[in-house]
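Both complexes below contain chain A, partnered by chain B and then by chain C.
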Partner chain A sequence: MSTVDAPRSPYARTQRSGTNWEKWGWMYMRASGVVLVVLIFGHLFVNMVAGEGVRGIDFAFVAGKWASPFWQVWDLLMLWLALIHGANGMRTIINDYSSSVTLGKVLRGAVFLSAAALIILGTLVIFTFDPCPSVSPEQLGLLPSFCPPQ
Partner chain B sequence: MSAVTAPRSEKKPRPGGTLYRGYTGMWSWVLHRITGVAIFFFLLVHILDTALVRVSPEAYNAVIGTYKTPLMGLGEIGLVGAILFHALNGLRIILVDFWSKGVKYQRTMFWVVIGLWVVLMAGFLPRQIANIILEVNGQ
Partner chain C sequence: MATDVATQAAVPEVQAFNITLIIRRFLPEIDEEARWESFDVEVYSTDRILDALHRIKWDQDGSLSFRRSCAHGICGSDAMRINGRNRLACKTLIKDLDITQPIYVEAIKGLPLEKDLIVDMEPFFAAYREVKPFLIANSSPEPGKERRQSIEDRERFDDTTKCILCAACTTSCPVFWTDGQYFGPAAIVNAHRFIFDSRDDAGDVRLDILNDKEGVWRCRTTFNCTDACPRGIQVTQAIADVKQAVLRGRA
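For the complex of A and B:
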């Protein structure tokens, strides 16, 4: 019985049991990246270049966008894809540099918690947003023009 | 301190034994990493400021107003530049990984990334600089 492979036999990766999460993380970085290019370039063009650019952004501008399901879905996708992509990228970097096991755990925990909290916050904001909230009289002028008179 | 001193050569030593260290492959990776971290931290802040639309129109407008100051205007140029580089170089990484000729053309693709970055920045800068000038003049 031989325990040594024949010379020049092809390299075989040892198969560990279970899901290869690192591989799927790697795939996710690339798949989300392709979608994010479209979402982020569109976001930057509409908010920072078209119309007045950054000077045109105010409550009424955001309300005008989120009055439409199109931009709600756009921003929701961008929120989830970018935060998970960014958090997983940060995890890679922490793994590369953190010298102590405990520090690594703390930093990865902080990245995970902040990303999770902001995904929840952002999702709630998009779904509970009211473009025409009832406001104090001095803020009436800040509402988008399509809001009915209060 | 090591007692052994490395042999000195008259010329500036070139990094040896690799086509990676010190070349476009390495610098694109460094830039990709730095821009990725910067964008991540900005994103955290950006979601918080946008969440103010749920507080009141007044609160949102007050905070977004700080994004319109000249100093922030310059910061936004850096931020957009970082995102555009990360996005374009990200596509380059994907092509290196999945396209059969990707490794062969990785250096060419780096310069394509830089070229596209310049073109896209040229599309963004006029509007942004005009806005900064309007703010400086208090208009």
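For the complex of A and C:
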């Protein structure tokens, strides 16, 4: 609506329709926000402060974390909650600012697709990550040093 | 004689000063677009923006159009944007503004501009009507009696009874500017007035109306409405109360 600047532009309230997800969206943002504060600061502490601190982060560190179901679940929760939280926030901003209906639809679609792609890829990596895959003999040199000899 | 001098000394002379008012004009017969027009006016320190507008209309340019009725802050006719903030022209003393700079006056935003400082209020009242701003009671009071209410029960919605429907809050809301479908703070305030009234029985109906895509969840708590309200209503707080009531499913 450009009612701010265009004088005498037509204007009417239209009737609402469809299911209303706004209440659930609003509650999700608050609930996931609280959980994410714990998850993210826990994540930052374990990675950046505890043990050797930030210098301890390498391929082996990540491989070691994902060998444990605890960190798999932790990272999975963080991935899903944060991406849906962020995507819903972007959706809200688009609703607030997009001037045309079509542009809003396109932008919301783009946000949904990118969030969905990241969630699917991230989930796939968390559960299928294998630091020491079986490889052909000439590729053995590419494996990390901590892998048992094949 | 001595008493006369004393009285004169006690009453300070009313100060007069010159100010510049820059008003956003739009005459639909002439103008394609709204334009800013500057007026120099001599005013007293006791004058309000409304008095300055009167002086312009009466002495300088009779075509200047604005709404005002009671001119004492209760009818809600003369809400306008003064130096970028929604205020009632009849409650804004000029001496409280920075008079070394020109004072900008324009119509409230987000509603269709009709002429100069006059906007079409119909969409605003349409949203107001949608929340059913009247008592809906399933029971009748005792014969010959009023409906009784405790002081505590009255207290719950006391703040929102003060609304004068001037639209200063709704047209200060950035969500309303971009999305005219949003109910707006004023409609929610007036729903609040009945949702939390113990004598009313249709709170759930109003909560259902406001639990909408364009209802209370659209509020971003920017507090523009609370700042704009000439009656000092805690508008954002009222909206938060309604949100909580929707979550609880009752008032």
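Heads up, the rule we're going with is that the second predicted complex is superposed on the first by the 111 of 150 C-alpha atoms of A that agree within 3 Å, B and C clash if a C-alpha of one lies under 4 Å from a C-alpha of the other, contacts with A are read in each partner's own complex, and residues count from 1 in each chain.
The rule is simple: a residue touches a chain if its C-beta (ideal position, glycine included) is under 8 Å from a C-beta of that chain, and two chains touch if they have at least 3 such contacts.
Source: prediction; values computed, not measured.
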{"item": "Which of chain B and chain C A:Glu22 touches, first, second, both or neither", "value": "second"}
{"item": "Contacts of A:Val73 with chain B and chain C, given as first, second, both or neither", "value": "neither"}
{"item": "Partner chain(s) touched by A:Cys132 [first = chain B, second = chain C, both, neither]", "value": "neither"}
{"item": "Which superposed partner A:Asn95 touches (first chain B, second chain C, both, neither)", "value": "second"}
{"item": "Partner chain(s) touched by A:Glu52 [first = chain B, second = chain C, both, neither]", "value": "first"}
{"item": "Touched partner set for A:Leu36, first chain B, second chain C, both or neither", "value": "first"}
{"item": "First (chain B), second (chain C), both or neither touched by A:Ile120", "value": "neither"}
{"item": "Partner with the higher number of touched chain A residues, chain C or chain B", "value": "B"}
{"item": "Chain A positions touched by chain B in one structure and by chain C in the second", "value": "none"}
{"item": "Chain C partner contacts - residues on chain A that touch it in the complex", "value": "1, 3-5, 7-14, 16, 18, 20, 22-23, 25-27, 95-97, 99"}
{"item": "Chain B to chain A touching residues, read off their complex", "value": "33, 36-37, 39-40, 43-44, 47-48, 50-51, 53-54, 56-58, 60-61, 64, 67-68, 73, 76, 80, 83, 87, 90-91, 93-94, 97-98, 123-124, 127-128, 130-131, 134-135"}
{"item": "Complex contact set, residues of chain C against chain A", "value": "26, 28, 31, 33-34, 109-114, 120, 123, 126-127, 130, 174-175, 177-181, 211-215, 217-218, 220, 243, 246-247"}
{"item": "Parts of chain A lying in touch with chain B, wherever the complex brings them together", "value": "30, 33-34, 36-37, 40-41, 44, 48-49, 52-55, 57-60, 62-63, 66, 79, 82-83, 86-87, 89-90, 93, 114, 118, 121-122, 124-125, 128-129, 133, 135, 139, 142-143"}
